[in-house]
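If you scroll down you'll find the structure; I have some questions about it.
We call the chains A, B, C, D, E and F, going by the order they appear; numbering starts again at 1 in every chain.
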Amino acid sequence: MGVLADMTWPQVKDELKEIRVALIPVGATEQHGHHMPLGSDSYCAFEVARRTADKEKALVVPAIPFGISHCHMSFPGTVTLSCDTLARVITDICSSLYAHGVDKFIFINGHGHNGPTIATAMDEFKKDKEVFMFVIPWWIAGGRLTKELWDFSGGNLPDGHAADIETSGMLAINEALVDMNKADKVVLGALAGTRIKFNKSTAVTLGDYPVELATISDFKQFTESGVIGGALQASRDKGEKVLEAVTDFLAELIRELKKV
Amino acid sequence: MGVLADMTWPQVKDELKEIRVALIPVGATEQHGHHMPLGSDSYCAFEVARRTADKEKALVVPAIPFGISHCHMSFPGTVTLSCDTLARVITDICSSLYAHGVDKFIFINGHGHNGPTIATAMDEFKKDKEVFMFVIPWWIAGGRLTKELWDFSGGNLPDGHAADIETSGMLAINEALVDMNKADKVVLGALAGTRIKFNKSTAVTLGDYPVELATISDFKQFTESGVIGGALQASRDKGEKVLEAVTDFLAELIRELKKV
Amino acid sequence: MGVLADMTWPQVKDELKEIRVALIPVGATEQHGHHMPLGSDSYCAFEVARRTADKEKALVVPAIPFGISHCHMSFPGTVTLSCDTLARVITDICSSLYAHGVDKFIFINGHGHNGPTIATAMDEFKKDKEVFMFVIPWWIAGGRLTKELWDFSGGNLPDGHAADIETSGMLAINEALVDMNKADKVVLGALAGTRIKFNKSTAVTLGDYPVELATISDFKQFTESGVIGGALQASRDKGEKVLEAVTDFLAELIRELKKV
Amino acid sequence: MGVLADMTWPQVKDELKEIRVALIPVGATEQHGHHMPLGSDSYCAFEVARRTADKEKALVVPAIPFGISHCHMSFPGTVTLSCDTLARVITDICSSLYAHGVDKFIFINGHGHNGPTIATAMDEFKKDKEVFMFVIPWWIAGGRLTKELWDFSGGNLPDGHAADIETSGMLAINEALVDMNKADKVVLGALAGTRIKFNKSTAVTLGDYPVELATISDFKQFTESGVIGGALQASRDKGEKVLEAVTDFLAELIRELKKV
Amino acid sequence: MGVLADMTWPQVKDELKEIRVALIPVGATEQHGHHMPLGSDSYCAFEVARRTADKEKALVVPAIPFGISHCHMSFPGTVTLSCDTLARVITDICSSLYAHGVDKFIFINGHGHNGPTIATAMDEFKKDKEVFMFVIPWWIAGGRLTKELWDFSGGNLPDGHAADIETSGMLAINEALVDMNKADKVVLGALAGTRIKFNKSTAVTLGDYPVELATISDFKQFTESGVIGGALQASRDKGEKVLEAVTDFLAELIRELKKV
Amino acid sequence: MGVLADMTWPQVKDELKEIRVALIPVGATEQHGHHMPLGSDSYCAFEVARRTADKEKALVVPAIPFGISHCHMSFPGTVTLSCDTLARVITDICSSLYAHGVDKFIFINGHGHNGPTIATAMDEFKKDKEVFMFVIPWWIAGGRLTKELWDFSGGNLPDGHAADIETSGMLAINEALVDMNKADKVVLGALAGTRIKFNKSTAVTLGDYPVELATISDFKQFTESGVIGGALQASRDKGEKVLEAVTDFLAELIRELKKV
């Protein structure tokens, strides 16, 4: 198993003799369209960690339930941490685990905007320490490992926000929390009447140049429902497959790290 | 219902038209003896909030799963935040909710050492705002509301650490995570060979004076198992009763606040 | 003696060979009704420390003359520190003293709202150090040690703000700074038209439940004069007695700590 | 023109009437192998900005000459800022420019590890402001726009550290500061004896999985000279071409933004 | 009068109708040789403020009793704040007073090393506010205003540390706290065997160049007693004169500021 | 040579075997009247460092191109850092260099308002380290070393802002960036209709008292062009002379420090 919240300290003590790998899910409490709940990113990140640890033992830390969600604040219920706050939370968690002997940290990121903050926290933490730190955005990695399942054509963006991959994952985890009748598809357009075109919420193209460079300030300007990309082709079955693929991969990563 | 993580943003939007009260569970990931899991404080705080909202509608924020647990760091698996980090998390959550219209905040505290940090965060947040902020340590309040259930004699300290009240609560919430065969009772003694005697982990008596004034640095110096007080008289039935009492009280508090 | 501000460094050096206990008065500059000066909390906390050190040698640090007084800012002259600022001051003082060999710290708190901040500062400072840290709100402790002197009936709250205990203390310390003709009595009522009733400025009762849970944002909403509780029964004699009792207690505490 | 450091304030005042776009070069002072100077990232980022502004008017802010270079500290002369420090510098620059009317910010990033910090600073800055913020790592964007020039085969990594693209750029900017006789090629291998293989300094592959997820703590463990990838195929001519391509692109971007 | 700590809030309210000038003494708790107490800087700064307010009404804030004393930490009893902590204290005090209507702030600095921190705090505070802020190191200003009293020859440095001016001031304020039999004279020499010569603790000369540029890290390396300069010519009479001169000057300054 | 940005890391490694002195230019991006560019302070500080290192080997760090320029923000193009930000940049630079073995730090300050922040950063950095830290405002030191060149009469203030010394220095460094036809002379007057008179931007006199004590909040209130003092007598020749004098002095200082 390895779910920290469900273990006693003597059980953790025993487990740490063998393994020194922690999985740290980083979630969010933010709008996910009309069809998915606000806790989707936390539920998914935690479940990816939990299923991974079932395949290859590792400590599963409680999911950080809040992330960097400034650009979703126009949608009621969204909770956002400042980048500084989240970085401190991550640092304190890593320091605590490191004190107990953990030296391999794998962040299971459930929300794109958390990425830079996790990266800066890692950059500071690893100074002067012999540690291995990884971060994996589960839906990006999962999406690449199951390319055949997803339709990337015409702005469908299955790895967008509350789109096919996330929706499928959530369906597999807790179908009751998803209402596919309210699923939406939103194709991103151009930036404020220019030739600068979005190809996802944090990237644009200009002319023929396939160069990533932008960031959206307020999702409300781009999507009424909150979805970016298409969620209409999601299914529980696809969700099981993408979770299977990404947890296989993570289990393999843990196995390799245990050799070090 | 009102569990934020399980709602969509349009559902939150609707609910905020009627109610502007948020319940914020503050937990911990820290040792709770040989018989209780590390996530006990988070599980209990969240469940108190959830059951309260079932009685009287309110928004239930995801539990903050980490708290101020410095003095438990000798026990493997404990994760501790600095007071500053936790204060920032609380502030960011309150700021986000306030932006959506929430102006009544009730912190359901699951861990004693979080108290001062919640208090300082509240003190700063409420400056220049018309808000109502409350904090309730569920096991203290619950314990007082069900005095007849608990044995306070001879250092049994049912409101100690991983003691009767918490253990009973956890039994009511998820029996599978508690192993009563490993429950312990630890009676606190004197401080380092002096006449200063502990009457709980954050309070002492000196001579006949019933004055509170101390704090324990490292629980390991006082308890081998991690328990402080007695957990031997805990039961699921007592747990249901204490949860019932404290959630009745909180529901009543919310009802009163809705009049404002 | 032991008043740090009045000693030369060679005198401190000598004293530190024997004793390693510091008394740190934490005051405030805040309204104390029409009858008491703004410096009351600082004067009282310092005097308690000074008289204690006369009974049992200890280093008396200069009083921190500002505290957490946000909720008194409607009254001209009040100066308030942020919780973070006060915590840093406390930490820097303790670090300095610790570098000189002090390992027992007793905070003499003169103002209730300073409590949580002192607690968080202590919590952070004592990590990884072998130190003993205590905090004692002098008027609470003193009040309990001299219960027979005070009238707790009918909302008189002798341990309220600028009430009987503080007023008596200040009369004993410097009668010229108190004008008993302007002393007031203010009984707290209910919160904003609800059944939630205050039983002191940081605690309420709801229905029959004797549970503490609230905090007042702006004292102006509850008291015109600034007093909370009754100051009408204060006297210099009572002041001498409460100071005597609390300094006896503290001297005893220091004696015990010197055995460690 | 538009180089802020070379303009008087009345000239800036005039220019701001027409244009509200700032180019902010973010550099580094860090090892670039035996063949390139420590200031390479700053020189390149600034020159990209300067040449862009020659094509399409924009304010060119002085290059931030230090970046996030923790993992290069084993190499003498490297200067590193904490992520927090760099984020504050960026925020203060943006706040100052915003006060003068700039509302479009394009960061010309010269060093990969600065990326997450720039992203977090942008995320915080754009809250509650109507601004457009872009970040472009010049050598990545430039490399993609001139794919035909570079040899990506066999771990040559032309966009690695001090590799072909950067070296070519520096040759074009100031040939005297590059010693091609000392250029090196370093092919990254596996992580600590595992099957986890680097495909650049911040990315690995595991088995057949093409998933990015790792970060190197200390470059010294991977490269003796400091180079990652190959610098042997660099030339001044290629440098001119990649600078031409990326500044064409940026000028086009500015033109589009001026329409908003 | 105008001593804030001794006034009631209605008295302050009245006084603020006429005057909006605050005097903020910034002291220190640091070694002052064998002959002066650790609180000398605080006592002097506060007394200068108090005597000034007797001449021309102004609010006298309680002295900040701790300063920047890192370089005195080798001497037992010294308490030092970090520059950041002191800056925050100053900012919070000014913010509080500003909220009550004060817009002229005069810092009476009692300790040289506090100077830069006061300056940075002022620099940040006055942004976007219509305020007047002054800082006056009382012994430097006083020394210049009474040049005829002091012997500046041969490294006597009457404005050094615990030297003639400070000692005389303290004699005038509280003779009982000074032991002239233990007064010392220490002439500063050269820096670590070089031709760089100190002309006070924060300034040197090199060759014939009268240029200031250095700072001492640890006073212990330069003075056994803690004194820098000469304290042998101090007298109570000189102390009265220097206090008279500097408070006359400050009263005049307040009078001028009241015209604005 | 010794210009860090232009050296490879093996060159730095070699140089550090002999010398352990770093020159750190601290500049600004701020208005310098109609006749000088915004980068003047950075250009001058860097050039002083570079020319010094040509005379006596030392490591020349890239100039910090932004400083404390709050009071110049009314002039377009000015960029200002908070004192805290600049202090962090300085600290990070010093920590990095210290890690490589540098233990003598000379700040070449190009802008008066940076002074207090550099001082606080030094004060914190040197705690617990055996380092030598100096700061020299080049135009003040240079001005004193070449007194015969400058006209200090009648408020001409050659060491004012964008005045004769700075203008001459900039002419010597890059004549093309200075337009002497637009040079100005501004004589400071009294403060807001009082008898308080400025004798430079950070100092006043009151009555006959030659005491420094004030600071200007917004330069716009005192000077339309941005100049304070006179720039009309500047010349390239004087610039060469003042640069020669101050770099001779600094080279001598480095020579002395190398003996330690």
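Keep this in mind: a contact is a pair of C-beta atoms (placed from the backbone, for glycine too) under 8 Å apart; a residue touches a chain by one contact, two chains touch by 3 or more.
Just so it is clear, the structure is predicted and the values come from calculations on it, not from any experiment.
Participant: What chains touch chain A and also chain B?
Facilitator: Chains in contact with chain A as well as chain B: not a single one.
Participant: Of the pairs C-E and B-C, which shows more C-beta pairs in contact?
Facilitator: Looking at C-E and B-C side by side, C-E shows more C-beta contacts.
Participant: With centres defined by CA atoms only, which chain is the most remote from chain B?
Facilitator: Most remote chain from chain B, centroid-wise, comes out as F.
Participant: Looking at where chain D touches chain F, is over half of the residue numbers used by both copies, so same, or under half, so different?
Facilitator: On the two sides of the chain F and chain D interface, the residue numbers are mostly the same, over half being shared.
Participant: How big is the gap, in whole Å, between where the Cα atoms of chain B centre and where those of chain C centre?
Facilitator: 27
Participant: Report the inter-centroid distance (CA atoms only) between chain D and chain E in whole Å.
Facilitator: 48
Participant: Go ahead and note the Å separation of the Cα centroids belonging to chain B and chain F.
Facilitator: Those two chain centres are 56 Å apart.
Participant: At least two other chains touched by the same residue of chain E: list those residues.
Facilitator: 82, 84
Participant: Should the pattern of chain-chain touching be classed as line, ring, star, complete or other?
Facilitator: Ring.
Participant: Round the ring, from chain B on through chain C, what is the full list of chains in order?
Facilitator: Traversing the ring with chain B first and chain C second gives B, C, E, F, D, A.
Participant: Any idea which chain D residues touch chain A in the complex?
Facilitator: Touch list, chain D to chain A: 68, 70, 82-84, 87, 113, 115-117, 119-120, 122-124, 126-127, 129-136, 141, 144-145, 191-196, 206-207, 209-211, 213-215, 217, 249, 252-253, 256-257, 259-260.
Participant: Okay, in this complex, where on chain A does chain B touch?
Facilitator: Touching chain B: residues 4-13, 16, 29, 31-39, 42-43, 59, 61-66, 73, 75-82, 84-85, 88-89, 91-93, 96-97, 99-101, 177, 179, 182, 226 of chain A.
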